[in-house]
Amino acid sequence: MKLFIWNILLGFVWVTLTGNFTGSGFLAGFIFGYFVLVFVCRVSGSTAGYTRKIPQGIGFTLFYIWELIMSNMRVAYEVLTPSHGMRPGVIGLPLDARSDAAITILANLISMTPGTLSIDVSSDNRMLFIHAMHIDDEDALRADLKDLERRVIELLS
Amino acid sequence: MIEWVTLATMLILVLALVLTFVRLVVGPSLADRVVALELIALIAVGIMIVYAIQVERAAFLDVALVLALTAFMAAVGFARFLERGGSGHNE
Amino acid sequence: MNPEVALPVVIPFLFGSLSIVLYKSNAAQRWLGVIGTGALLIASIILLHNTYTHPDGVLTIALGEWEAPFGIVLVSDLLGAVMVVMAALMGFAVAIYSLATMGSEHEKFGYYPLLHLLLSGVCGAFLTGDIFNLYVWVEVLLVASFALLILGGERAQMEGAIKYVTLNLLSSIMLLTAVGLTYGMTGTLNMADLVGRFAEIENQGLVTVVAMLYLVAFSIKAAAFPLFFWLPASYHTPPVAISALFAGLLTKVGVYALYRFFSLLFTQDTGYTHEILLWIGGFTMVTGVLGAARYYEIRRILSFHIVSQIGYMFMGLALFTPLALAGGIYFIVHNIVAKSNLFLIGGVIYFLRGSHELKEVGGLWRERPWLGIMFLASALSLAGIPPLSGFIGKYMLIRAGVEAESWGIVAVALGVGMLTLYSMVKIWAEAFWKEQPEAHAERAAQFERTISERSLAIMYLPVALLAILAVLLGVGMQPVYEVLMAAAEQMRDPQIYVDAVLGGDE
Amino acid sequence: MSETLTAIIMLLGALLVLIGAIGAVRMPDLLLRMHATTKAGALGTGLIAVAAAIFFVDTGVTVRSLAIVAFVILTAPVAAHMIGRAGYFTGAPLWDKTLKDELRQRLDRHGHYLHSGLEDTDDTPRSDRDSQ
Amino acid sequence: MEPLMAFVVGGMFAASIYMMLRRSLVKLVIGLILLSNAANLLIFTVSGMHRGLPPLIAEGALLPEGGWADPLPQALILTAIVIGFGVLAFAVVLIHRAYEVVKEDDLDKMRSTDT
Amino acid sequence: MLLAVLSGFIVCLLAPWLTRSLGDRANWVLALAPAALFVYFLGWVPEIAQGEAITIHYPWIPGLEINMSFLVDGLSLLFALLISGIGTFIIIYAGGYLHGDERLPRFYAIMFAFMGSMLGLVLSDNIITMFVFWELTSITSYLLIGFNHEDRNVRWLALQGLIVTVGGGLALMAGLLMLAVAAGGEFTLSGILAADGIHEYPFFIGMLLAILFGTFTKSAQVPFHFWLPNAMAAPTPVSAFLHSATMVKAGVYLMARLNPALGESELWFYMLGIFGALTMLTGSIMALRSTGVKAILAYTTIMALGTLTMLIGIGTEGAIIAAMTFLLAHALYKAALFMLAGALDHETGTKDVTKMGGLRKLMPITFIAACVAALSLAGLPPLFGFIAKELMFEAVLEADALTTFLAILAVLSAIMIVTMAAVFALRPFLGERKETPKTPHEAPLSMLIGPVILATLSLIFGLAGFIPAAALVQSAVGAVYGEPIAVELYLWHGFNLPLMMSIAAVALGLVLFWKWDAALALFKRLTFIDRFGAERGYERFMDAIVAVAEWQTRLLQNGSMSNYLITIVLTIVGLTGWTLLVHTDTPIPLGVMDFNVYEAVIAALVVAGALFASVTSSRLGAVATLGIVGFGIALIYVLFSAPDLGTTQIMVETLTVILLVLVLFRLPGFLNYSAPATRIRDAVVALSLGGLMTLLILAVNDVTVTDPISDTLVEWSEPEGHGRNIVNVILVDFRALDTLGEIFVIGLAAIGVYAMIRFRAEDKAK
Amino acid sequence: MNAMDSLILRTATRFLLPLLLIFSLFVLLRGHDEPGGGFIAGLIAAVAFSLYLFAFDASGTRKLMWMDPRPMLGWGLFIATLSGLPALFQGKAFFAALWWPVHVPGIGSVTLSTPLVFDIGVYMVVIGSVMAIVLALAEAEE
């Protein structure tokens, strides 16, 4: 099922790339996508499962873009103000998320949100290490991050 | 109007390019340089898009797309280099 | 449309790529090696025959049916066809020789595909009528030679390869630059088309300037003075079959290109350009032969002689009379045969004695007189001793020099001939006449035991073939002479070439 | 109208990129610089791509522009993670005003294992994350 | 633009040669890469530079709209880039292997095959 | 005739096989070949004696005027008879001398090859064919001198002979070609001799010197005489045949042959006269210093060669008669003496004449034959040598100039020759019997038949001078002089100055023989002759070549990559730049600077990146900067309408960086290997190339192209090429062959890389 | 454990790999009309495989590629060369392009041509060559 959605997705990518929004164009894309998937899945096993909820995904994308804009304004402020009023530090965030996809999305989102940057996940995948521009209020920061994690887990559940 | 804006955008982007280049030159660590290189790739993507707008030729967007797709490979490559024991400092 | 013109390129491409596909089977690759080079030889002889018997003496094929000057044309005139035959001959000889001498590791890592593709690059360079396409062929053969050079991964190979690769790349880039400038000046890439377009350029001096860039680029490839460094630094490092192939073919591509460019395209100011060629030729002869005088390692001696002999080829082009040009081409032909054969014989010596050092080998005249005779035929030919092939070449060049009253180059050419003889006799006296030195007798015996008589017979086959050819080229010169004079006359009259390519007689 | 919108978004994007560049020059350590470049660079470029989509008013172009946006936003954090962790582990110095570092001591001697610090707590079932 | 590019190309040639003369294996190969790029730019420059005229034909048209930048040098450079890539990939691995075998980065210490 | 000349080579091919199958009798059977030739040539005598000159023509390489044309006249016939006649005896003799030697098949083969070459040389009408045979005699001679090649010294001496004669041969080649040009493109001797205007050739002197260089080296004239005695390292049959009777006379032959064409010049007279006379004297003096039987003969051969040269130089009727007579006489007695010397050496095991004595009873036939031949050598009646010597004195006295000088030298040398003839003929045989390494007895028949017959001929010809005069000498003289001359040879020619000179010479010579041991000791002390001799010069010359080679190779091929690069770059800049400055008439225009600021900034960043990469000491910094250079170039491609190029550049740049980082971490960082001065030098070199490229672009930019071929390609692209991306249509269709080549390059590079990485690795694993 | 082991990179690669591959096919097939072509497409595919190599390992990448790079490049060269030959049978010169418009139900009119076959050969050569180099290097490292 997952793969079928992937296949449809790739067909869609094909259509958009070719700009040929017709049934035959999609069919061609679907076929090409099928072969690509057959090819890829021989080795790398199943792909990801986070594409199941497309509407939720769209909502999430909007959220993500919003976060992006916010983070940029924050960064812009820091960059442009003359004195560095930052209080940076590296903190470890214990993870509730368990799937690779969830952890990856979370890490990437954190990198894109204001003042935080994922550095790495511990080898047992239970701790995410984050560099933050401001850790004056560490608890609030952790709360924000946990909130983000919750949204991601929800999206992928 | 759009001519002036594209020109202004271009100028801003090349200014960004110059600044990033400074970081690339200054370093000091390899990771700093790679960060600069990544940004330069992004700026180049931007320049190509603005140029496509300027000359009204969408074909140049394809180049930007390829660059967007592959630019991060350099970062991955450098990261691999560092993690495999290459020294990241002035050497 | 003459499909046979493309065959010398297509055949090695097909066999080369098939050999890559069949990379797991050494046996299949060996078969493909002999069959492919044999087919190439047959095709090239047919090409030469058809070219020679054609009323214009020029055959062309416009690839993809895109007529000249818009598409790429392959052109077989006599100069090109003769060179292709020589390349194919060398390829065939080396392919046979390799059956007995190439290690299975070399085969496993692509020796045969590289051999085919080197030949395709060489043949393509000889046949193309398009300057950018020439660059491509030069790169094909160059990269093939890179790979052949390092096959085995010895320390010396690596060190030699660094110089070889760097300096040849520099030359390729100069060539590319020159091609770019040519297109920028004329808007064409077709050689025949360039003849007319160069003539239309107002600032004729600029054409000569670009000619100089080509001159340098090709002179590096040809290993002329003072640009030859890469050759003595590397040619002695790979297995000897590869050295033989290199010796026979690679520098000749540079020389061929100079012949092509400085007879077809750059004849605006021969008083200047060809005078420079003459000086380069003289210095090349002297520095090469002196380099050889210094060494006691067979392959190094031979490598420096390659350089030296290139000088004679320059001399033929520089004097630029029909006799001189024919002599120059003849010199190329003869040199391919004699020099490659000497390398192959050097290989036989190695397999019998375990060394390339003259001080460590000996006793071969007593034990293997036939090898000695084949060596003498090739070595004396190289030294220009009559009636072997080298003499005729030298005779034609010296005679052309005397007729042109170019005394300096005549004197140099003669003196260098004598030093060449000195080197050849050095090898003869040490490897053949001298007794096997006691200190190295054990290793020699060991090597001689490991080489089977069957392998030795396979090695003798191409060696004998080339030795006989060295004699025949001298003694049975008349038909060769007629072909070469016709080639030289073609070179002296570019209009024949231009009409054949652009005339649209199809 | 669309031209004006194009102009505004494009300029905004360019300015964001410029901010990223300034950050790259001005910020005091590697990780802080990456805060600037990753976010500002990605969004700035994305905005410019959006501007193109608006300008050309053509589905093919729109799709390509959006593909650029998607790719930039997808790859930028991955790249940032790779460089950041590599730079960090190979000892890029942190700014002297950095308050705390919970990561440094978690890496084992050979750099082959990153401890979570939670190893002795109970282990939750593994997902398929180890498969490869 | 061409006169400006003339200086750019000249500068690149100079930089690459200077780099190749540094005796270091690594610099040698980087210099070669630069040199190859410089030659490509040279071709691009001397065959004329035009803004906004890609040699692409719109669907249904027979010629590029509003003129075209010369496509032939572009094809040549593309070929040259690819060839350069192949050759330089070889060169890169060569210096790597040479260093492994010879254990020496200084080119002037690699003389055994000459002397 | 062709068969006659080539028979030597045919027998050469058969000889090894015949020798093996015939065993001990091989020499007798093989000797039939030269004997048959001798008879064949004798058949020509009646016709030629009438003064006929016959040319025979077989085409070989007519295009190059290299043909098997032969000229049979008195001169060539005389030589042909000597070669085949003496050759017959030599082959027989060799069978005895080298009896049981396993290399005999090889020996015969080379001997016959030589014989064929020698015949070809003297019979050729075509000068190039003659030269071909000339060189072949040098090569075969080399192989024969080095017959005992396991001896280091022998190899060295063989090389010496080869270098001198081939070196001279090369000059001769130039001289002959010049002669052909001077004769208006005539490549036959008959044609050249008939041609006018050779003396008006502007390079006549050079031509003459080149030819004489060739003939002097071959005929061992001073100062090239040293190789000949050294050639005595060869087995005696070789010395007898090549180095006395035939090959060394090739130079004399050619001078005689060309005498009608070149002999009128003063230079000819002085060169031949002076060098001939000096050679004559040198040969005699050196003979006097020698004790080896073969060495004595070798030096007297030099004397004879000098005499012949001198006589040809004098060039008067009498001189030419003397020369031809002397030539014949010398061939007869010297071949006999050499074979006898070989017999002595073979039987006693020593070559030193002072270590032999009292052999007359053990070797009576040898003794008598030696006496007869030596009498001829000494120029005593009634032998043929006497006639020759008298004619020589006569000719010297008739010389146009230098008469006294030549006469004194002639007498001096005659004195010493008498001494040495006596030494050779008497010392080993008379006196007390001395112990020798081997116990001597008479030599076998095969070794005696030749000397006996030849010595007898010396006697017969002396007594009956009209026989050789009519049959051989007269026609030969005619050929050399250029017009017919009547020749009569008599023992008694009146009581005149030459006879007095002879008597004086014989008397003084015998006195010297009396005191020879003392003279020998005295002469041996004159070591300066060795120190300053020509041989030393040869050695110096060879050493100098090796030294120059060393120096030059150290200078050029010194292994320093930077030096190589600098040389090449400066050559590029020198040749191209010089041409640009001198050969273009218009100054280079800067062109129109129309560019946008952002374009300029991007372009500047490309250069800045390149410059930074070249000066940075950070290796990875350089790679990262390479990245920006690549992206910058991609931007330039895009900004100037080349999207495909931009895309390709980006992809290639990315992959290059990937490759670099894959390999770089094994390599050390940048070290700075060069001093500041070196860096300045390098910067200058680099900037010169950069500057050149800038100028080239500006110059080419000034040239306007009217209709590039690409316009047609653009027009064809959609209708004919079915593609709208013109660049791609060019790549896969219009210029598909380029692309095919390109992918083969990529594939080849991959194969090479794979081999580089895996070859040794798998090696080690085993 | 791999020193390069990054969960984030691995997961992202699984996602990016199909996208890059389909993009490369896309660039290959439309190259005759828009920017692109076999070479660029091949490089994109090679970058995709290299990404996989960096995220995972060499043996995994070999398995992923299905065909060993060396025969792949050999086949590519062979196919590209062969694509020049059919013209001979029509009496035309080597590399004369042949076009066969085909109607495929569901996809529409597709034009098969020798230049397309040629471009596919190029594509295979580029992938095979680049991956042969990269994999050999990576394996030497491991």
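Every chain is named by a letter (A, B, C, D, E, F and G) in the order it is written, and numbering of its residues begins at 1.
One rule holds for everything that comes next: contacts are C-beta pairs under 8 Å (C-beta built on N, C-alpha and C of every residue); 3 or more make two chains touch, one makes a residue touch a chain.
Chain by chain, the UniProt names read as follows: E = Multicomponent Na+:H+ antiporter subunit C.
Small disclaimer: the values here were computed from a predicted structure and weren't measured.
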| item | value |
| --- | --- |
| Label of the chain whose CA centroid is most distant from the centroid of chain F | A |
| Chain pair with more C-beta contacts, C-E versus F-G | F-G |
| Whole-Å gap separating chain D and chain G, where each centre is the average of the chain's CA atoms | 30 |
| Inter-centroid spacing, chain F versus chain E (mean Cα positions, whole Å) | 50 |
| Euclidean distance of C-alpha centroids - chain A vs chain B, Å | 22 |
| Chain A and chain F: spacing of chain centres that average the CA atoms, whole Å | 84 |
| Residues of chain D touching at least two other chains | 20, 22, 34, 42, 44, 60, 64, 67, 74-76, 78, 80-82, 84-85, 111, 113, 129, 132 |
| Touching two or more other chains - residues of chain B | 13, 17, 30, 34, 36, 56, 59-60, 62-63, 66, 69-71, 73, 76-80, 83-84, 87-88 |
| Multi-partner residues of chain C (at least 2 other chains) | 13, 16-17, 20, 63-64, 113, 132, 136, 139, 143, 146-147, 150, 153, 162-163, 166, 170, 177, 181, 183-185, 189, 229, 232-233 |
| Pairs of chains satisfying the touch condition | A-D, A-G, B-D, B-E, B-F, B-G, C-E, C-F, C-G, D-G, E-F, E-G, F-G |
| Touching residues on chain G, where the partner in the complex is chain A | 1, 5-8, 10-12, 14-15, 17-19, 21-23, 25-26, 30, 52, 56, 60, 63-64, 66, 106-108 |
| Interfacial residue positions of chain G with respect to chain E in the complex | 33-35, 39, 129-130, 133, 137 |
| Chain D-facing residues of chain B, complex | 1-2, 5-6, 8-9, 12-13, 15-17, 19-20, 22-23, 29-32, 34-36, 38-39, 42-43, 45-46, 49-50, 52-53, 56, 58, 61-62, 64-65, 68-69, 71-72, 75-76, 78-80, 82-83, 87-89 |
| Touching residues on chain G, where the partner in the complex is chain D | 1, 3, 6-10, 12, 15-16, 56, 60 |
| Chain F-touching residues of chain E, taken from the complex the two chains share | 1-28, 30-31, 33-34, 37-38, 40-42, 44-46, 48-59, 61-64, 68-79, 81-90, 92-97, 99-101, 105-108, 110-115 |
